Each structure stands twice: as structure tokens, then as C-alpha cells.
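Each of the next two complexes has subunit A plus one other chain: subunit B in the first, subunit C in the second.
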Partner chain A sequence: MFPFNLAGPHFLIFYTALGLALIVLNWQYLRRHTKPSGADHTKAFFNAPYSLAFLNRGADHCLSICAFNLIDRGLMTANAADRVSSQALHTKQVSHPLEHALIQYAATNTKALFAAKRDNKVKAALNAIHTTLCDDGLLTRRTFFPAIKLISLGILGLVTAIKIAVALSHGHNNIQLLILLAIIFLLVLIFIPAPRLTADGEDTLSLMRGLLAQLQGRMQELKPGGFTQEASLAAALFGLGGLSREHFPYLGLITPPVAVSSAASSDSGSSSSCSSCSSSDSSSCGGGGCGGCGS
Partner chain B sequence: MAAEDRFGLGWRGPLAAGILTTLEQLDCLELIAEQYAHLPSEQQRALRYLSKHIPISLHGVSLGLAGSTPPAAARIEKLARLGDELQAETLSEHLAFVRAAPIEGGAPIEIGHLAAPPRNCASVERACEQLQAVQRICDRPLLVENIPSLITPLGSHLTEGQWLSRILQQSAAPFLLDLENLYANALNRGENPTERLLELPLEQVHTIHLSGGTWVDIAWQQTNQRRFLDDHRQDVPTAVFALLTTVATHAPQNLTVIIERDGNYPAMDHLLAQLSQAKAAVARGRAQARLITSSVLKHTGGDARASKVIFQRLPSDIIFQPADNTSVQKLAPLDTSNAADNKRIEYLLAQLFCDAKLQHLFIQNPLALLAHANLGHLAEDLNTMDWAGLLLMARSVAAKNRPSNNGQDKTGEINEHAF
Partner chain C sequence: MPSQLHQFHIYEFIAAAETCLGEDLISLYLFGSAAQDQLRTQSDVNMLVVLKQFCALTHTPLQPALRQARAAIQLHVMFIEQAELQSTADCFTAKFADIKARHRLMRGTDSLVGIDIKLPNLAQSARQMVINFQLRSREQFLIAHSREEQLIKLIASAAAPLRASAAALMAVRSGNWQANTSDGKQALKQLTDHNPSWSAAVQGLSAARETQTLPEGCAKNYFNALQEIARFLSAELKCVETNNVSI
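Coming up: the complex of A and B.
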């Protein structure tokens, strides 16, 4: 039976089934699209807490881990909630571009930590991390818009247009529900999120969690000084909340405003990282596939 | 240092971040087999991944190679399988007993702690047989390790050095020499650790364990006794580094040195500093060996044969003398038929370590309990019994089997996590 000849309710059932099928098809494709490459990325994170933090929860988390590391090394001071300060001469004692940029940002006077991502140098350092993660195939690129989405949108748009034309040609004006469904399906198809992490990204985090799992119980024992790198790596993966506020009283001052649970990092983490983008980035992220402030 | 001397750490979950961030500074890692076996699959997968990036050896604590109750074949097979999974370079186990069954048959007591079996010819034979059995199943080299021992077990006719040397020489197994265990045993017996060290076949040493211990006070008959407990929770003592230098002087082969830490974890920088001390200790030993060699060659004009003679005449604290087997041979011919006695002794000791009431009875009337265990003929051995050591051993067993131990101690996991 030619679907366009179906009566209203029957066509709507057909149309709903088509819309749902296309959404499922797209969802499955996006998942399959990020098959593990088999490449070994994890070892690079053994000594890269900032990249790990970015991969895990995005730019804000990366910034707070960097600030934590600098404060623990005595190169930065947390003055109040989201307020940090440093001195330009400390740049000589760091090598990572993000540390360098963050010290410079906070060197002139007390600054808001999470506003640092709008600072050109800090933003460039964060973008460099993001780009590397994307280039390594660990984060999905913001521009990722597969052909299957275009085809699906085309099919859905075409079917809708033909049915509306057929309905109008038969003198039927009750097409409001069809238009509403079309808008819903099109929006879902457009914004159906690509996972923030690729399969390789998820695998890397899974391996790191496996390796550090037993450290979680010891995080409260980590003390200032000496443990900096260990604490940074652990916090990059499990969050600053796992560390002792007794030992690190400034933790509350440098924790990202919206805490994202580690478990939810792979998908919902995208929203936190998107919020770290510049204003134009934020609007274009649409809740998926941004993965940070890549511009 | 020999070109291939290697230095690494025992992998412990709580040290993971420190180890990963400094992996480039480590040559190898050692993993406790029983801990690995009971990890969730995600953590096992992660460790298999790690094993592709750094050589890993697998260290067992629950086979009990020198005990009268042999380890079940399934346990050995599991160790072999884990070794394959991790592509472990080597496997290792202790020359100890960890379970003991009554002679009449029945369920063995799992001690949850490494314990020294009677040191006699029967246990030497037994250990060698069991080593062979394990080696038949495992494709990888099996190293055997000396253990800390707070008491000299009843029925021991050999010194620890003689006993270890016999097993090592008879089995030709590579030796995992735990210098801290050797040091602790010597301190607790009032002996010279270096002398004890030089009794051992150092040419068979493959790997060396370093760790730290604590002096523990024990009240015994209104006196305060002190014993050195190898708890792996402290820094490696300076004296143990000195022993390491001695090994490096006398053992020309490549050595793998592993620092073990099982609690009271310091920052990674601190552990790396300990590792640097170990490297320096080995370097000193190697330099000393080179100096001796060149000086001897100079003295003999490069005559290798003459050099060998001079080497053999050097005093034992300068150059290694092979284990003094003559002293073993001079002993009365040792009878290996006391296997049944060994089984009874191990069962009695296991009960004493694990059962506070029986321990109390034994302290009150040891002869009666020995007679009850058909070991009345060993009454003389009570003269050399270290009662404070026995109490400390029982305390240590209890601590390791306490649920709150929570995996802090590697041997404490034997009961809960044995294969």
C-alpha cells in the first residue's frame, strides 16, 4: 500500500514508526562510528593529569586540576571561591603551557579561576589539549555531522512535504499534528548527540579507572606537597572531591561550579565541557559532540 | 652496576598513581598473584594492559611450597594461567607452609600467614618435590623466596642457611632473596646478618626484595622482649642496603631489586629515593667487585687460575664463598623419614598460631601438648623455643586475618583470596 494514500491516523502511525526508526538508525550509527581503533593511547595519560582531566570531564575540570597542582606546589594561591592569584616569576618554574598560561592570567591580580578559559593564552592551552585529544581520536569532534544524518533529515523532510502536499491537494487541512511530529523528529535527528568520548576515549578512561581503582580508598590520605603528581592524577580521574578537605582546605574554592559525576562523564560530561567554551561555542554545541572549547 | 641490573616496585593499588606517573623511572613491577586473581575484570584488564608496557613478575603467597600439605593442582594451574595472562617474566613463591592438615586426614587449617616449616631433610625433599611439581605445570621460571620466621620450628636440624642452601642447590631454582626477611631473622636470633647472607648460594639470586620492619615489644614472663617484625610498612633500613651491597659484590649475575611496601604509604618521591639508595648500594657492590677483581688479576699478572686461588683465600666478608656444605655434611646423617613428624609439627604450629586457647595451654604445659601431638620426642627443642616470637607470630597471624586488614597486607589475603 502506498503510504501517502493512508488515512490520517494510519499515516501518523507509519510516520511515527519511520521517525523512530531513523532516530534509532542514527543513534546506532553514531555508536558504531566510534569503534575502537586498537591504538594505544592510555600510556600517554600516565603522566598527563591535565589531559586526563580534560578527557574525563572537560575544560573546567582540567582548569581546576591545574590550579590544584599549582597551589599544592606553592605557585598559586586560592583566595576565595573561584578566586586565585599568582606571581609572574612562577612561570619560570613550570613547563606545561596550561600552567604557564594560568599563572600569567592570575599574575596581575586576583582573578576568577573559571573565567580563565576566556583568557586568550589559557584558552589556547586548553584548545591545544582538546585538539590533541580529538586528533588522537579520543574525543568526538564538534563538527562531526555524518552523512547519514543528512540522508535521514532528507527522507523525513521529503515524506513530510509529500504528505502535506497530498493532504492539501485532497482538501485536508488537519496537518497540525503531522507538522508537530515532523518538528520533533527533525530536532531530535539534528541534535541527537554523538557521544562526547569515542570508543577509544572510553577505553582509555576505563583502563585508567581500572589501574587507579584501588587508589580511591587512599585519596583521603594524600597530603600536600610530595604527593602532588599522584593527587593530580587521581583527582583528574575521580574528582577533587575524593581528596581530603582537611589536608587541602582550598579544594572547595577551585572545584568547578557544576560538579559532574565521574560515572556520567562520558556523555553528560559534554555539557560541562561545552559550558567552558566561549559564548559562541556554547551556542553551537547543542549539548553534544563539543567535548570542550575547541574552536 | 651490571648492565642489566633492574630496579622496581611491588605494585600495590594505593601506589598506582605514583607508579604510573613515574613509570619511566622503573624497570619492572611485581604483582601479588592472589590480589590480581580477585580483582574485578576491569582492573585485571588494566593490569594486563600495564604488563605490555613494563615487565611484570607474579608473586604468589598462598602455595606454601615447603609445607607437608601440598598445594592443590588447581592452585598451581591458576598461578600458571595468571602468569600467562599477564605475560609475567617470572613466577615466585615462598619456601613456607601456609596450611596444615592433621595426620589422620581432614580439612587443613589455612593459616593466612607464611610460616616456617621444620628445617630438616624431609622438608628439603618435600620442597624440592613440590618445586618440581609446580615447575612442571608452569612454563615460566619459578623463583623461591626465604621467609621471615619469628621462631625456629620444632624438629629443625638444619640452620636456616643450610636449609635454604640445600633446597636451592638441589632444585637449582632461581632464588628470590628477601634481604629484609634475612635481616629480621638474624636480628631476632641475635646473629650477624652478613654472616647469614654469605651462607647462601648467592650465585643463584635472581631477584631481591627490600622492605622495612618495626621493632615490637612483647611481654613475656614479666620481661619486655623486643622482636623485629617484617611488616613492609617502613623504609628499608640502612643495614639492609648494606646487605644489598654485599650481594652485589658477591653475585656477578644481573639482579632485579624490588622494594615492597604494604602500608603507611609515603609519597612516590620518597619511594623513588629509596630505589635510588638501592641503585647506589648495588653500584657500590659492583664497584667493590671490580676493584677486587682487578686487584687480584694485577697480583697474579692476569693468570686466571692463580686469581681463582687467591679469590678463594679471601676472607668471607670480602668475597663470597660458596655455601659451606661441609658443615651440612658433617652433621649426623639426616633422616628423611620424619615426614610424618613434619606434618604433625606443622599442624601443631598452625593450631598454635591460630588458636589462642591452645597457645595458652601450650605455654602452660608444652610437654603435655607435645605428647598429645605424638611429638614428645621433640621435648628438647623446647629449650630453644622463642616464646616471645611465638606470641608475636600468633599476633601477626591474627592481625593479618582480621577483616579490617582490608588488603593492606599482602599475606593477609591468603585466606580470603587464596586461589
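Coming up: the complex of A and C.
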């Protein structure tokens, strides 16, 4: 049966089914929009806790882990909740650009840790990490707009236009409900968020969790001192909450303001919810909320 | 090796060591439980790397692999120059007797063949190990005794020094360093079987290591018994040490 010949209510049922099917199709596609490349990215992360933290939970978590590492090494002090300080001379003792920028940021006086995202140098260091993760195919780019979205929008627009033309040619003017449905479906299709992580990103995190399962089991036993970087690596992958507050009493002061319940929640994406953030990305809010993000 | 996880990280490290140490690498061994396929999930992994020479300037590229393995499987590596082997074995004889008894050559040529384990040194070194355990564990006990799970860990940590020194004692008594060194667990059992509370504590020690649990309320008694065992071992080792030196 040719759908454009369907009577009004029947066509609306067909149209609703078509709209929902396209939304589901897009959603499913975006969930698995990239096929895993099979490349092993894990090696790079064993000695890169900041990149791992960024991949895992976004910019807030990355800042948190950087501050944790610096405090653990005696190069920064946590003074109160979300308040850190440091000394400019410590910049000579660090090599990572984010460490350098964060120490400089906190060097003049006590600063809010998570507001550091607005500092130019910190923002640049975070952007560099984000760009590398995108270039490696582990994080989705903000500009990601797959062809399937365009095709779906085209189909929906074309069906709507043809039906409106057919209806008008038959002298029917009751097309308001169709237009309303069309607007709803088009908006939903346009704003379906892409996941923060690509398939490779998810695989990498999953592999890292497997490869460091033993480390997770002894997180409570890890001691301060930063000698082996185990605590930073564990916190980046499994969260600061897994470490002992007895050994690291300042953990509560540097935990991101919006509690991160799980890495999975970061998949909800944030390109839409935090599009006004700095260019440090959509992922800066991934799962970590938008605390202090330009608002 | 019990798990693919351990294997993966061990072989990753070995590959990195071969690349980064180059011609300086003479031998690479696993020793301890890893060499005997007795690793448990939370076991650490011990490795001995024998080098022509250690160079602080050229061997630094090994850092990422070492950090990775340390974080992932608690890999502990002893880097030793070939020329230092005998003198180190003379200082840490109990350790080297254990390494000689329980090792697996993973790469290179066997450097341990010519190492001589001297019985008086073995007794002295084992006694140091026991005394070190006594001193360390007393403080830890007083800090942690109110927390059962901490106490269980403390008891589990007694296994290595007590078993190694029991094995050393049996070896020195028999006049052959190789006697019993491969099975400290058995040696400790044999030496404590005559005393029911010691025997129970030794069983508890195994349980603490293997299952991280102990029957409720037993941990303090076990710890106390382990201290008595340590005292006994220390005295016996001193005795055989004196006899061996006088011989």
C-alpha cells in the first residue's frame, strides 16, 4: 500500500512508527558508531594517568588526578574543599604540561581547583590531552555528525513534504499535527547525543580495567609518596574513592564537585549539555557534570 | 603462572628489559612463588636481573615497563651486577638460598650456578630475617590489632620470613644448604608440629595467606604464637650459627 494514500489517522500512525524507527536506528548506530579497530592503545596509558583519567571520566577527573599526583609528591597543597595552592618554583620539578600549568595556576594564592579549566594554560593542556585522545580514535569529536543522521533527516523531511503536498492537493488543511510531529522528530534526531567514547575508547578502558584488576584489589593498601605512580594510575582508572582516606586524607577536597557514580554514566555524552564549555570539549563534562563549566 | 594477567605483564617486562638493557643483560630469572607456579591473585612477583653493569644513564628507558609491571602485578626486580653476586649472596644468604632453590631462568645464561651458599652465613642471615620480622611486626601489631583484617594481613606477612628461616635452620642442621630450602612451608610445619598452639598458628598463617580469613577471635592468639615461633627459630639459628662458626 502506498503510504501517502493512507487516510489521516492511519498515516499519522505510519509516520509516528517511521519517526520512532529512525530515532532508534540513529541511537543504535551512535552507540556503536565506530567499529573497534583492534589496535591496542593500552600501552600508552600505563604511564599516562592524566590521559587515562580524561578518557575515563573527562576533564574534571583529569584535573583531580593531576592535583592528587602533585599533592602526593609534595608539590601542591589542598587547603579546603576545591582549594589548592602551590609554589612557582615547583614548576621546575615537573615535566607534564598539565602539571606545569596547574602549579602555575595555583602558585600565586589559594585557588579553586575545578575553576582551573578556565585558566588559559590549564585549558590548553587539557585540550592537548583531549585532541590526542580524539586523534587516537578513543574519544568522539564534538563535530561528529554521521551520514546516517543526515539521511534520516532527509527521509523524514521528504516524507513530511510529500504528505503535506498530497494533503494540500486533495484540499485537506488539517496538517497541523503532522507538522508538530515532524518538528518533534527532527529535533530529537538532530540532538541525539553521540557517546563520549568511541568503541576503541570503551575497549581500551575495559582492557585497562582487566590488566590492572590486581591494582584495584590493593587500592586501599597503596601508600602516599608517589614513588611508583600506582596510586595515580589506580585513581585515574577506578576513581579516587577507591583509595584509603587514612593514607590520603585530602581526597575529599579534590574530588570533582559533582559525584561521578560510574564511568558508564559518562556515556550519556555532554556535547549538548555543555556545549558552552571551553573548547576543552564536550567530554569535560562527561560524567563529571558541568560543575564550574563556564557557568 | 596462575593467570594470563601475570604472564602478560611478565613477558611485556621481559621484552622491554631485553630491549632497554641490551648487551648488559646476562640473565633474567623469576624466583619465589612465581617460579613455582604458585602465584595467587594478590601475590607479588619477584625477578632477578643479572647485569654486566648497571648504568644509571643508559638504563632509564626501562622505567615505563617497570612502572607498568609494578602497578599491574607488583613486580619487584632485583638488579644485580654479575660481579656482585657472590658478595651479595654472602650478605643475604637466606635470600639467595631461596633464590637458588626456587628460580626459573627466563632469559640469558644461568649466573647462579657458581654461587656458593655458606652455611654459617645462611644461619646468620636467616636469624636477621627473623629478628627483623619480630621488630617490625610488634609495632605493626600494636597499631593494627583492633582491626581484624589488618591483623590477618600482618599474620600473612609472617609467612615469608618464618618459612625461609625454618628452611634455613633445617638446611644448616643437615649440613646441606639445599636440604628443605625449596619447601619452607614444610620445614616450618615440621619444626612446630610438637606444639599444638604453634601448629594451629602455622595453619592459621597459611589460611591468612591463602584465604585472607581466620576463625573469629583467633588472630591475636596466632600472632602471639608466631612471635614464640620466631623467638624459637632465632635461638636455634644462633645455636647452629655458633656451632658452624666454631667448626
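Rule of thumb we're sticking to: the second predicted complex is superposed on the first by the 244 of 295 C-alpha atoms of A that agree within 3 Å, B and C clash if a C-alpha of one lies under 4 Å from a C-alpha of the other, contacts with A are read in each partner's own complex, and residues count from 1 in each chain.
Everything that follows uses one rule, which is that contacts are C-beta pairs under 8 Å (C-beta built on N, C-alpha and C of every residue); 3 or more make two chains touch, one makes a residue touch a chain.
These numbers come from a predicted model, not from an experiment.
Visitor: After the subunit A overlay, clash or fit between subunit B and subunit C?
Guide: On the shared subunit A, the partners clash.
Visitor: In the overlaid three-chain picture, which partner chain does A:229 touch, first (subunit B) or second (subunit C), both, or neither?
Guide: Both partners, subunit B and subunit C.
Visitor: Is A:6 contacted by the first partner subunit B, the second partner subunit C, both or neither?
Guide: neither
Visitor: Quick one: classify A:207 as touching subunit B (first), subunit C (second), both or neither.
Guide: first
Visitor: Touch check for A:47: first (subunit B), second (subunit C), both, or neither?
Guide: Touch partners of A:47: subunit B and subunit C.
Visitor: Of subunit B and subunit C, which one touches more residues of subunit A?
Guide: B
Visitor: Both subunit B and subunit C contact which residues of subunit A?
Guide: 46-47, 210-215, 217-218, 229-230, 233-234
Visitor: Quick one: which bits of subunit C touch subunit A in the complex? Just the residue numbers, please.
Guide: Against subunit A, the touching part of subunit C is residues 5, 8-9, 41-42, 63-64, 67-68, 70-74.
Visitor: In the complex of these two chains, what residues of subunit A are touching subunit C?
Guide: Against subunit C, subunit A makes touches at 46-47, 210-215, 217-218, 228-230, 233-234.
Visitor: Within their complex, state which residues of subunit B touch subunit A.
Guide: It is residues 12-18, 20-24, 40, 42-47, 49-50, 52-53, 265-270, 407 of subunit B that touch subunit A.
Visitor: Could you please specify the touching residues of subunit A with respect to subunit B in the complex?
Guide: Touch residues, subunit A against subunit B: 40, 42-43, 46-47, 206-215, 217-218, 221, 223, 225-227, 229-231, 233-234.
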